[in-house]
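Two complexes follow with subunit A in common, the first pairing it with subunit B and the second with subunit C.
Showing the complex of A and B:
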């Protein structure tokens, strides 16, 4: 049987999560956790620690250096925030694709990355936006770049007795553009078969974040100066940089289709990212 | 059907009546607000909760079942295994009585019950179910049609078992039934053909996906019988089967069938009810089984099919011959599923004038869950092939596929199935095609990457059946109608209320409809085959007329008139002195003792021996569908930009319900065409039972524009010239969508569902072929 525990502060939550006599799981929106528990709760972990009422939980905050996304911030919150959509179009587009209106009202960004599905929609965007993950434990706090956060399917560097408290995004270099696209089996409420975020940074770097084509979301660099408007020239470049992708065949798609689609979406999102830099400049 | 119902009897619409208007849904507010009580909402405080024990493979010999640990667990009241059941194992089924109450020494499909645990709470039952140890040896089960039809295939049903296949000439194979419909000379026609199209098609297994999962409550009665609560489309059949299995009379088995939250055929055969009956009797306790969505998806499905077709055309687009070989994958037990094959393949030639045709169909057993009826009943599987063939023929001849259909469609009264058991058109079907073409803007040019496709569908409705109804006209002018049709979302209750209101002249809000209870409501065969409007509708109509006849006689007697001088019409008696409203006449007739007038109506259609359908169809459903898509060439994804569905409905009894059925059927058909499929692994396990991986359309997946229409010639056998219409829009959706995709992509996909990946593969294969 599951015990529900409503934590009132980060330290309080960490204490319960640190107990060794019982298995404890953090709860935010519950859109992954509760689905995983199923509709019969007998096989569930011992304690579910609800983090939604933390007195010291952080909100969505815009700072000089960027944006700080606290653990209770939902996809709907991200979509409603004008700074997020101006500075981080890829993240806003990814947040807007998650589930449905009802899901986005509950699903948090932190929950999305902590669940660490290879198909997690916000991960590719967070990768190209250079996000940092703040992790708290009884011993204190550490900060991990998102590119090191995921270690395998449903596994992160955040240990059992730790908590992710926030995701921080650096303020983009002026002239940066980004975009996100995903492929699904149907238009409404689906998990990505393949997802790609692209950023064309103001300093010339070009990056791709890839979802559902490897055990973890991947970050790859596209050589600076690549002409993103010439598809014929771009495709061989993409073939090279996308070689790190190791898509599998499963019930959602065949590996070869995923491989072809990651290339297709990469070309499209790069183009869209480039167009969005032009929009910001105009 | 003509004999069953005389033309003058069907009545005409009252200009000021309810029938034919957009009367509000009976019980609609309750459904929308959540007040409607579905089976899972019923409260049984004393009931034990049940969990079913299964094994994680689709085919295995059971070597032992150890329940000792489970029985000792907290809250567990009892466990039922095959050893508790009579020997030989009791079996049930609607046309083949081959389905065991629980696995009989061998598990033949994934999910087949091996034991059932009853405990005080669901959690306790689930935990105990996991503690039941089943010792089994996996067998090389057959999970696909190819495997089942291979020469040395594992036989799903033991050929020596006298309860099943003894004496059956096909018993050494997995074919449980076969049927050939043929006329004309294929060779002779082929010699004349300018083009022969030959291709193979596949249609996947799918689930009905009712939003309300299955639920059963079995409650022992003081009289030694049972009350069974189950949201099904066949309460009377359920009653007969359960009573037969437990050796009780019909009066001892009371079936209460709350309005199903969607059925689509999936709630039309008994599944867990027999097991629950034995469990309730063993424990002498009320027992309750509530399945979740994934368990329901595992338990009910439509037959998949593989088809090979050859079709010949003249250069002008006449279809000269059509030869189809189709195998339906029906599952581990036959039950009623072979009928899906016989009914589906009977109309396999389509509604066309064919000089020669041959449909060879087989129903094939596999170690997969038992298939059953689903909206369209075997017709969508074969129409996917037949209609794709016609589209392909037109395309290759450079002809307009809509006009090729108009050219070959039969006229009203003309045979589209020839021979001893001919099938004749019973409507102006070309009108539906013309109307659909108009709505779709068929001849308007399309922007690049768009494609349009057309198909027509046909299905025979019920070929026999019986529906009985009672109507009570109460003293205050209100009325109660008893009709055993299950209202599972199609709005049956509304139609009965409208009919009674018009026939008796009662305001529609004063008509109460009672159904879903075998103790209260007289017999109805079942809610299936779009039969209820015609069959039960006629029974209700007759019950109303019986009320009117009785009122006329009572009134005449009371006022001392000659009944012969009094006539009646809907809602009134016509006396020499003038019209008297029916409720007023009833009050006069009933007199000081008051009371009520009780009318009875029956509609019966006998089958015909030897007929492949068991009888002549009471009517045909005809539909024309046009789909339009916009294709993304890079990914194979497409948006359905416009979808048109037009059916021949005879008469719209309630236009808003007709549109709802047409739209619902079209959306369901599109889901089945573009995303739905059940996928089993090499151990026969269902891989995508969950709502995450069994995809059905969401609101974002419906066509951008969904247009529906109907043809109304008041030529149906039902009340006011109506026909059943709830399956029409799903009959040919796959072929219409497939044709649209082909038009946009330039490639033909022969397997459903039409996923983006399949289209991408076909496009790539075509491009590679062009280069090579």
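Showing the complex of A and C:
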């Protein structure tokens, strides 16, 4: 049997999630956790801890210095928020690619990163926008850069007795642009074969976030000053910076295809990010 | 709490406008509770993993896959199923589905109707592409897609002109 427990305080959620005598799983949108739950009761968690009742202040809070995304913020919420679309275009685009309308109405950003799929749609955008993950425990709170959050397939630095409570994004420096693109086998309700977010920062830094080409989403730097409009010059630069990718063959694609496509998507996404800086300056 | 002993949950929710109370095991999905506990079998069970959209209902006015929601989660919330949108007989949208031959085997239609009503509630006059995007989570193995899109388009046009 599965016990449903709705937590109303972070301390209560932490206590149940940290118990060692029962398998407890955190529930937000349920779009990953509940897949097949009804058919797999023998391997199901003993307790499902619903976190949607945790008092969260303003779930999606915008300040002068950035945006704080709380536990209950869904992909649909991110898509609908004008500040997210303006400051973090790659994140809004990624949120809009997740699943379907019905999935986006339930799936949360925090749940998406905690599920820690190597193909996590929002991770590449969070990486290039320098997101920080706020993690609570009985001992207090720590803040981890998203680049250190993922430690393996379906594994994060968030321990059993800890709980992610928010994702914080710094306000981009003026002139920053970003974009997200992913390759799928069909338009709706598919996981990424390869995904790439690119940011061209107003201070000159150029970064790529890569999904589905390594055990975890990756963040790589493209040398500042690289001409993103000259494909012949860009390709050898990309070959060098993308060497860190270690794609595998699986049901969605072969390793060679992924390696070829990550370069192609990187080039296209960098160009789209550059174009988005021009739009914000116009 | 005494975790592990409280496996049954009593849920009180507004289902199609009526307050309903029912008791379910913690793992029971909203989809299964609607069909088994509440006798609302209009909502269909197919993939049970959020891929096909046959189980689409509205939760507090938002389209969701009821196979990916626990019944326990809807305590205190409002659920609208296909029975709730057509309480007075068929709707204009359902009539349009029939007129366009969009209903072939029919199994996906309740979910298609719910997704279409959700789209029209937020975008009363969608383009063909907007309809295709909004309903990409609803699969039809009879491949009636063009007819479904036409039915939604026609309904939107009629509703917009009626409202003037």
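Note that in this section the second predicted complex is superposed on the first by the 274 of 282 C-alpha atoms of A that agree within 3 Å, B and C clash if a C-alpha of one lies under 4 Å from a C-alpha of the other, contacts with A are read in each partner's own complex, and residues count from 1 in each chain.
Everything below uses one rule, namely that contacts are C-beta pairs under 8 Å (C-beta built on N, C-alpha and C of every residue); 3 or more make two chains touch, one makes a residue touch a chain.
What you see is a predicted model, and the numbers here were worked out from it, not measured in a lab.
> Just checking: does A:261 make contact with subunit B only, subunit C only, both, or neither of them? Give me first, second, both or neither.
first
> On the A-aligned overlay, A:92 touches which partner chain: subunit B = first, subunit C = second, or both, or neither?
Once the two structures are laid over each other on A, A:92 reaches no partner at all.
> Can A:113 be said to touch subunit B (first), subunit C (second), both, or neither?
In the superposition, A:113 touches no partner, neither subunit B nor subunit C.
> In the superposed model, which partner reaches more residues of subunit A, subunit B or subunit C?
Subunit A has more residues touched by C than by the other partner.
> Taking the superposition on A as described, I'd like to know which of subunit B and subunit C A:34 touches: first, second, both or neither.
In the superposition, A:34 touches subunit C alone.
> Pick one for A:189: touches subunit B only (first), subunit C only (second), both, or neither.
both
> Which partner chains sit in contact with A:1 here, subunit B, subunit C, both or neither? Use first/second/both/neither.
both
> What is the contact status of A:24 with respect to subunit B (first) and subunit C (second): first, second, both, or neither?
Only subunit C is touched by A:24; subunit B is not.
> For subunit A, which residues belong to both interfaces, subunit B and subunit C?
Common to the two interfaces on subunit A: residues 1, 39, 41, 100, 187-189.
> Which of the residues in subunit C come into contact with subunit A in the complex?
Residue positions touching the partner: 1, 3-7, 9, 25-29, 32, 48-51, 53, 56, 59, 62-65, 67-70, 72-73, 75, 115, 118-119, 133-138.
> With touch defined as at the start, can you tell me which subunit A residues reach subunit B in the complex?
Result: residues 1, 39-43, 100, 183, 185-191, 251-254, 257, 260-261, 264, 268 of subunit A touch subunit B.
> Tell me, which parts of subunit B touch subunit A in their complex?
Those in contact with subunit A are residues 122-123, 126-127, 292, 634-635, 637, 639, 674-675, 679, 687-688, 692-693, 695, 697-701, 755-757, 760-761.
> Across the complex, what residues on subunit A touch subunit C?
Its residues touching subunit C are 1-6, 12, 16, 19, 22, 24, 27, 29-31, 34-39, 41, 44, 46-48, 50, 52, 76, 99-103, 105-106, 187-189.
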